[in-house]
Structure formats: structure tokens, C-alpha cells
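After this come two complexes, each holding chain A, first together with chain B and then together with chain C.
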Partner chain A sequence: MSKATRPADGSFADVLPELDYWKIGLSLVITFFFAFFLAPIWTGIVTSFKTSGAVTATTPLTPPLGDGFTVEKWARAIDHLSTGFINSLIMTIPSTIATVFLGSTAAYGLTLVDWGKRAQFAVLILFLVGIFIPYQAVLVPLSDFWINIVPLAEVLAPVWELSFMEYAHARLLSLTITHIVYGIPLCMLLFRGYYLTLSDELVEAAKIDGASITTIYRRVVLPLSKPMVGVVFIYQFTAIWNEFLFSLTLIGSSSSPAATVTLVLSGLGTDLSGIDFGLRMAGALFAALPTLIIYAFFAEEFAQGLAAEN
Partner chain B sequence: MAGSQDTVSESQNVGTGAERDWQTRLEVFSKSDFARSFPYWFIPFSIMGLGVYGGIGYNTLISLTDYEGFNEGPDFSPGNLDLEMYVQTVNDPWVWTTGKNTFVLLIVFTTVTMVLGLFLAVMLDRGIRYKEKIQTVYLLPMALSFVVTAQFWLWMYNVNNGLINLLLGAVGLGPYNWIGDPSLVLGAVIFALIWQFSGYAMVVFLAGLQSIPDDQFEAAQVDGASVLRTYWRVIIPQLKSSSVSAAVVLVIFALKAFTFLFSMFGQYRVPKGTDILATLMVREAFKLQNWAYAAAIATILLLMALAVIAPYLHYQHKQGSL
Partner chain C sequence: MANLTLSGTTKIFDDGGEDIVAVNDLDLDIEDGEFVVLVGPSGCGKSTTLRMVAGLDTPTSGTISIGDEPIQNKRPQERDIAMVFQSYALYPHMTVRENMSFGLEESTDMDDDEIRETVEDAAETLGITELLDRKPGALSGGQQQRVALGRAIVRNPEVFLLDEPLSNLDAKLRAQMRTELQQLQNDLGVTTVYVTHDQTEAMTMGDRIAILDGGELQQLGTPMQCYHEPANVFVAGFLGEPAMNFFNLERDGDLLVSDAFRYELPSEIATAVDGKTDVTLGVRPESVEITDEVDESEHNLIPATVDVVEPHGDENAVHLRLGDSDQANLTVMVDGMRYLASGQDVGVRFPPDAIHLFDGATGEALHNRELTNVEQVEEIGTAQSA
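Right, the complex of A and B next:
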């Protein structure tokens, strides 16, 4: 984007005689913040590969060396967290797909179709407020809803007869649905921003050709949405995977068979003698793995989603 | 829609004039853009509306009862509805303490994160090399879950072996018990949150900076203004809209910074110095089963959030950016 407005990198340099000092200072500051942002992650990585002895004997910045190196913490962390990891995947993937789809159709109905600008605006405002409200404001109703009003565990009673399903998995389903409900507004907003930049001509042309609203969505809008679907998917996947408040309040206990990875992690490696930091760091990194992988490949899409949020 | 088609075909056989008129109107309506696009926006809208507005309404209703413990559910009989829970919150000194902590967190965290984000954005805006790569690293904390970053910072703040005390020790300070000392813990939490969010503020400001045409910068340079002065006088004042957006998102986050606190301390009860309304609310509900009381606290939180959101949406609307 910067290339459009600034044709050549460092174009200011030509007008600034003092730039050399600037550049040195700038590099120093940039390097400092590089270290600032990476230090906690770096200490986490090195600590996760150290034996308990090495964790206390060496500085948190020193890489594990010789006898101090171990993969035992990682093995234990993966052992502890694997069920939660799978639960998180089972919950995150369907809810992300559903949210992205619903967000896209909502944005389509509110931007590319004109059925009354004022009414559309009112609906839009209601969606926008949904993005910003603190979830604390719906936690008590939510828990009451899933326990007393729609107790999925009882509704789906025959399912728990299946050998691989457990009663507690109903809560995972409640969690999945909850994430869909509260993820829709943001996805709608992200798609809306994108649809507003699409030229009207394509939609208009399709309309003149006699295409129905549904045909326009399937044949014109959906194919054009591809780049944005990627952005929203990545953003939403990260958000749901990282989420904790709904997991805690709807599933309740980190020992539940339906506990998500974030829920299990919060109590990992704590006993009477204190916290096993090597184990805790390995667990944290393991829980973060999917988001780290996504970020490594799609950092740009993630930043795009973040910037479009407002 | 199937129903309306049936009636239309029926009307072709029978039907008086007036009826036919009504039927045609129905037919026209069913083919209108409104009716055809209705399922597209209304299905997601009603799902979301039920969760958000239904939830808020139900929460308000519960806050008027005295629902607590492992009951079957709240009792909504009219005699049971009153504002007692709100009276209790106002008279609860702990609500005021957590309210104050919320406020400190909100102000300090938002201000410092914005200033740091702006500073980083201006630096990266200066046409430096590897800009994208650097930006990626600065934004990395934001891609991680609060559950995860809380673990990293717990280790950073460790009294004996943490990096923070190690660095301070190198210049002869400390060690401090960042997590254990009630007067230090809020500052420590705010610092960690700034670490996680300043990359976000940077991205928002960078987007704003990139929408400002270059020639403004060059014109100021020709007039002999220094770089700093140019930014201060010409460029930064134009970032008002980005600043508002970033501030709103940060404030909203600060109001509900529950996850980070819970994960850092691993329990509902967080240290005294860092207990905020969001943690108090969840604890009252899910640890102590004071559902109605928690619902009342949640309403207060919601009103605080709305006090920020409503002017923001109004501002955005006036700017024409909605």
C-alpha cells in the first residue's frame, strides 16, 4: 500500500541532510524494540528445552546446553495437552467456517443489495455494537441458557451412547455454537469493508442480465470474495483458538474431557512446590503452535484483518 | 416463500379484483430485492441478535432478581424484581476498589500503548528497509493468546530467575516481587499488556500514515521544517481518525482484560492490586454463584463500554466512514 503513495523507498532521504544520524539512531531503536518484542517469547522457547536444574542455574536468555538440554518437558506438555488440542480443533474449525460464511452473507445483504438505506444502516449499527460489547454482559445468560434452557447434553442423549463420545462433549458443541454467534458481527464488518471496495458495475451488469440475488452471490460475489475469505478465516481462526472466557465459563473445569487447550494450559505444571516453568513454557508454545504456524505464513493477512477491524 | 407462491397460483383461478391486486403486490414483494436478500442478512442477524441483545436483555432481567447458588434458574415473578443488586454494588467497597483498578488500567494502558504504537508507526513509516519483516515481529505478540502470553510474563516476572529482575539486577536494582507485591502487580500487568498491544496500535497508525499523501511531507520540508516538527505539526494531527479507532479498541479491551489476569494467576481470585471489574464479575458468577449480583456488575461494565462505543459510532458516522 505504501508503494502507491511513495514511489521510491527512502524518498525523504534526498531532502534530509541529517538523515545519516537519523538512520543510525533509527536502526538502534528498531533493534531495541525487536529485542523487546521477542524477549519474552525467546525466554519461553529456551526455557521449554531446559531441565529443571538448568532453568534455575542459567539465565533465561541462555540457550540450553549440554546436560541442560531436554525434550522431556515438551513430551509431557504434549501428553497433557493433546486432548485439549484436539478439542480445540474440533471446536475451532467448524465455528470458523460457519462464522465466515454467515459474515459474508450478512455483509452481502447489507452492502451490495439496496433495500432501503436507512433500515440497512440501523441493522449495521446493531451488528457493530455486537462487536464491542464486553462478553461479561452475556455470560450469566449464556450459562443459564446452555444449562437450563437448552441442555444439549440431554437433548442429544442418544449420541452419548457412541463409544467415542462423552457426555461432556455436549459442552464442546455449546461452545462451538456460542463462538459462531459472537463471531458473526466482526466477520460481517470485515467482509463489508471489502464489498464496499468492489465496483458496483459487476453487480449491476449481472442484475441487468437478469441474475437473481442468489445467482449474483454465488456467481459474482463469492468468487470475488476469495482473498477476503482468506483474511477473515485466518483472523477468526486465531481469535477462536485463542479464546478463553467462553471456554472457562461454558466448560468449567480444565479436567473436563471437553476442555479446550487454552483451558488446560492455565493450570499446567502447578503443584505444591510451585510452577514447573519448563513444562509451563513448553505447554504455552504447544498451545500456540497452530496460531504461530498460521502467523508465520499469513502474517500479512492477519495484519490486514486487524487493521480492517476499525 | 413457498407459501406465497401457492397463494399466487390459487389466485389465478379465482379471485376478485381487490384480491388480485393484493396478490400481485405480494408477488412483486416476493421478487423485490428486500425479500430476495432477506435470508442473506436476516439469518446471521437474528442469530447474532439473539445472542447479543437477547443476552443483554436476559442479563438485565437476572440482575433484577436475587438468583444465586445452584438453583434451577432465576425466579422472575414480579415481586422478586427490584434494584437491590445495584444498591448492593454501589455499597460494596470492593466494587469501588476494582472500579478504580479498572480505571487505572484503562487510562495508563491505553495512553502508553497509543504513544508507543504511534512512535513505532512513525519509525517504520520512514521508508526503511525490511519494513514488512519488522512489522511482522512487532505484531507477533498480538497473534498469541492471552493465555499463552500470560505464561511468558509469569516467567519474565519470576522473582529469582525472571529476565526482568535479571536485567534490573545488572544495574543494581531489585529483585522485586512483581507478581506478589500488591503495589507492583498492576504496573507489571499493564506493562505486559502494552507489550502485547502496541504492535496493534502501530498497525492502525501505519494504515493512517499511509493514507496521507507524500507531497504534504515534502512541502513542509521545502518550508524548512525538521523531520520531527513536520510529523508533530503536519502529519500527526491528521491521524485523528486512526487514534480514535485505536483508542476505542484498546479501551474496550482494557475493560474486559479478564483472560490475561486469570491465566497469569491460574484462579478466579487475582491479587488484590490487580482485581478489576471484569475479574470480579466472573468470580462472583462462576466461583461464588452470585448470579444476580454478577449480572448487575456486568451491566455496569456494559454501560461503561457503551459510553465509549456510542460516541465512537456517532463520530464514525459523522466522518462518513461507516
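Right, the complex of A and C next:
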């Protein structure tokens, strides 16, 4: 009997494409991780379009159907968050630009400008120490600094007379400055790594061509830093936009007119009647939009920068 | 145009508490419009010297002047010099035109039209007009080299500094650029200091060459002077390819003796080594004569065995073993048509008028080869620099 079936087995195997177990395994792993990472985002998106009833009635992964679909949560989220959103933009964009600029000039001064190797090293150490100061350790001194030592609100008193400015906005300014100061060391380190790979002869050639230290930075070093600027910009923008602890410490309340988007988001959709998941999801996705846009904008520079760093 | 003078120029680097003397008490007087090549092995201080002239390094002591004006404390942009770097150091984000305009924009009051004109003139001189709107990354090594030269010549400097500008080119292009550079320098008439480790470049390009070793100037002279009348063993061995043959010998009266052979000095040469016991005999590969017949009785004929023959086409480099030594210790250049087989026994002759003698202890030249007369060397020298 077995003898008779053998030729049939052989021909059946010939028909099948050759199975590569390695490839099959790889595809399975990739599919698993794809689903694993996408599931929460998918859940967030579908939940944000569901009515409160549909959120409780359906499983998180099912899309909203029929009566369960609504854009009302998004409308409310945008309405609630818009002030915080604008506050965050007002704070994040200048602080990111300032950090990137100051970080790169600091790195330039510590690598490509010659003013004493030992002094440069000493300053570099200070920067490195700056990176490792934990946020929690500075919260109390920080708020003390902005309230008692440099009370911006009082210093800038005439500004609050303007119709669109409020007293509380001083706190937004202190937050912006805090982020700049806190961001410089790490940005400096990223730029430093990049500048060390630039050839010394390039700077020397510019010196002989008659360029001053600032001109060399402006016309040679900065244009060549483009890939690294992309990396640092994305990194810094995301970090500052998503930051919560400093906002909470310096602004305090999510109802303040200076509250940042993260601060407002923390209280969104929670009240005595429970948690409005749809609203929270819509708010979270809305608040994440700028970081996604920044990634899309700087993706090319980001990739170049990472390649240059390695 | 101006002459460039270095006097007592010294550069000491501090390497973690340890002093490294890169350039020691260097005196150089480079005349207006002259092409001087600084040559020597790596670490001899030639690049440091150039960087000090450029203002990229500050001398520890001594002065550097252009014309009669000391410049050692001036910043590079105030020195009226232009430099071509080994890596070319072109600004990668700028087009060729922008690269060449940069120096003019930064260090002169020229308006845009003047700059454009100057850049285009220089580009035409160098044959790179069609490259003006490209970026350095899109150019070949030879083209980048020309752009780097262009960037230097648009500045119309008093002194032109070149730091191993040809070392990144392939051999053929290098030979071509050598000639072009010389022509260019001739046309422009700019005082030029050229740094290289390549003795061929030094010999072929310089009006005069300065040979450095260990931060010290070994000899300054026309290529022919340095070649035929080396000041010491180092210069003699550094110039010439293949290098001069050296033998450390002991003097016994008019006789020079080693394990491998004996060489009797003519009495008029022997006076030069009076009072010395250790003597280094030097003889250039092209000066040695090879005889197929080994006539034991012939005066000063040294028996030798052919080890390896390297054909160069027009001539052959023959490596020989003298006496019963087990390694090739003599290189001789013979005509390319002359057939010598490996293992063949031959005789070699060191013509007395072609030998150099150096002090065995200090390496200083005691006697140099005879050309018909001293004027001949001078003549060769001046003919070259004219």
C-alpha cells in the first residue's frame, strides 16, 4: 500500500513552492509586532470617533458603526485644547529654535574655535553635568527662582496692559526660558559629536579666506550642520511639546490662561460622572499632531543626520 | 609681491608636559617670486613651518616677515597669503563659484561685479569655467584640485602656500599637475612655498629646495646643488630615486675597508678624510659601472653577484650583492637594453669622480662628487630657476 502512494507524494511536493521556514517565521514576527504597535493607535483613533454609548457597548478594536459614529468628541477636544495648543506652540517653537541655535553655537565654540584646550574641557564638563541633573531635583529651586529671584510677572508689568496678554503669560515665558536652558547641554553634545567629524582644514581655509569666527559659523559651519539641525529640532520639539513636569510646576493649573496642551490634556474628559474615553482619545490625538507634522517635515534631515552621526 | 623671511623660527608643542620640538631655529630667506619646496619625511616640521607662515600656528620664538614687515603676530587674514590644503578643504555646500568668491567677499571691498569678473578670469586660467556652478562633491579629484588652486589665486596674494597639494591625485595626473603648477607659478610670479614629502616633486618643481629633518634645516639650495653636493648623508639619501648607495667603511690610509670590499681613494680625495677613521662612502646608482668580466687584478674593481633586476623600461634597476654578503646592498641603474641575469657574477666600479664621502659619526659631507667645476652646478642651478 505504502509503495503505491509514494509517487503521488513526490509529485504533490513538486507542485508546492519551496517553503523557506526562515522567511515564514520572519513574516510572522513582523506581522505580530506590526499589530502589537498599531493596536493602541488604532484603538485610540476608533474610540475618538465613538459616542460614549458605543465606547461602552463595543470592544475597543471595533470601528464605530451607524449611530455609534460621531465627530462631536473631536469638536469638543479641539475646542477645549485650542488655547493650550496655542500656548504650547508659543512656548515650544521659540524654545526649540533657541535651543538648537545655542546648542550649536556652544558646540562650535567648544570644538572648532581654538581658545585653550583646558578651558574648553572644563566648560564641556559643566555641560555634561547639566545633562544629568534630574528634573525632580530642580523643581523646588526652579519655582522659587521664578517667583522670588526673577519675578517675570512684575518685571514685565507694562506688558500685561496689552489686551491679548494676561498676567499668567509671564509663567509661559519662564517656562520657555527654562526649557531653553535645560535643552542646551544635550543639544550641545549632539552638535559636538557632529562638529568633531568636520575637517579642521575647512575652518582653517575659511580663516585664511579672511572669515571671522562668527562668519565661519554663519557661512560654513551652520550650513553644513543642516542634517544635525534636523535631528536636534525634531528631538527638542517633541521633548518640549510633550513635557509635563515643568508646566505643572511653573503654571500649576490646567485652567490657567497660560496652560500648555499637556496640562489641559491631563484634566480633559474626567469629571465626577467618570471618564469620557472618546474625548480623551480625541484630545490625545489632537495634541500629538504637531510632533507628527514635525517628523514629516524633517524626516529627510533626520535620516541624514542619523547617518552622519554613525 | 614680496620676499618671505623666517629667522630663528622655532615651534615647540606641549604634549602633556613633554616638549616636542617641531621646528628648531629655522632660517629661510625666500626671494620675491621664488618657488621654494620644503621637503622631508613625515614629522620633519615642514607642515608646521607652512602653518606658521599661514598663521594657523604661532611660532614659539623667532620671526616671520613678508617684505620687511613681521607677521608672526598677525591673524591669517591680515597676512596676505593664500593656502591650498592637502584635502583641498573646499566648502562642500557651496558651488565652485561661491567657493572661489568666498575669500574675496570676506577679505576685500570688491563689489559683486568685480568679484564675478575676477573669479571668471581665474577659472579661465585654470580651465574650470564650465565647473563654476557645480558643487565640489560632483567634481573629480583633479577638478577639485584646480578649484582649490583657483580659490587661492583669485586672492592675488603676496605669498602662495601649498601643503602637499598633489598627494591625493593618481600618478599620471600628478605629473601633469606638476607641470601646470610650475607654469602657473611662473605666469603669476608669486612667491610660493610648497610642502611635499615627495622628492620627485621637490626636484622637479622648486627653484630652490629646503630639506628638513627632525625640525632642522639640512640644506637649502637649487635642486642640482642639493642633488650633487648634498650637505650630509640625510640629504644625499633623501634625494634621488632609487636612493644613493651608502657603505660604512673604516679608513686605513688611502684605503677604505669593509667586510665586503676595499676601496682605494685617489690621494687628492683622501686628503678630505684626513683624521677621520669612520667614513661613509656614497655613490649614486646611475654612477656605478658594471663590467661583465671580473678581472681580479683590476684596481678598485669589486666582485658582485646580481640579485634582482627590475626593468623600468628605459633603464633597469639592478640589485647586487657585494662580496659574500647575503643581502642585496648595492643598487645600480643600467641601460634598459643591457641584459643581466639573476645570479650572474659581475664586477662593479665606483668612479672616483662620482663618489661622495661623509663623516661616519656626524654624517656631514667631507667630499662631494666632482663635476667639471663648481660653476657647472651653479649654472645648472641658475638655469633652472630662470
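Assume the second predicted complex is superposed on the first by the 275 of 310 C-alpha atoms of A that agree within 3 Å, B and C clash if a C-alpha of one lies under 4 Å from a C-alpha of the other, contacts with A are read in each partner's own complex, and residues count from 1 in each chain.
What we mean here is this: a residue touches a chain if its C-beta (ideal position, glycine included) is under 8 Å from a C-beta of that chain, and two chains touch if they have at least 3 such contacts.
Here the structure is a predicted model, which is why all the values come from computation and not from measurement.
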Putting chain B and chain C onto chain A via the overlay, clash or fit? fit
Of the two partner chains, chain B (first) and chain C (second), which one does A:I208 touch, if any: first, second, both, or neither? second
For A:E300, using the defined touch cut-off, is the partner it touches chain B, chain C, both, or neither? Pick first, second, both or neither. first
After superposition on the shared chain, which partner residues are touched by A:L162: those of chain B (first), chain C (second), both, or neither? neither
On the A-aligned overlay, A:L224 touches which partner chain: chain B = first, chain C = second, or both, or neither? second
Who wins on chain A residues touched, chain B or chain C? B
With both complexes superposed on chain A, which partner does A:T59 reach: first (chain B), second (chain C), both or neither? first
Superposed on chain A, how close does chain B come to chain C by Cα atoms? Whole Å, please. 7
Chain B and chain C contact sites that coincide on chain A, given as residue numbers: 212
Can you list the residues on chain C that touch chain A in the complex? 54-56, 75-77, 81-83, 85-87, 89-93, 102-103, 106-108, 151, 155
Going by the contact rule set out above, which residues of chain B touch chain A in the complex? 32-34, 36-45, 47-56, 58-59, 62, 72-74, 120, 123-129, 131-132, 134-149, 151-156, 158, 160-163, 166, 195, 199-200, 203-204, 206-207, 210-214, 217-218, 221-222, 227, 245-246, 248-249, 252, 255-256, 258-259, 262-263, 266, 278, 281-282, 285-286, 291, 294-295, 297-299, 301-302, 305-306, 308-309, 313, 322
Which residues of chain A touch chain C in the complex? 199, 201-202, 204-212, 215, 219-220, 223-224
Any idea which chain A residues touch chain B in the complex? 1-2, 5-6, 8-13, 15-16, 18, 22, 26, 29-30, 33-34, 36-41, 43-44, 47, 55-56, 59-61, 102-103, 105-106, 108-110, 113-116, 121, 123-130, 132-145, 148, 178, 180-182, 184-185, 188, 212-214, 217, 238, 241-245, 248-249, 252, 262, 265-267, 270, 275, 277, 280-281, 283-285, 287-288, 291-292, 294-295, 299-300, 302-303, 306-307, 309-310
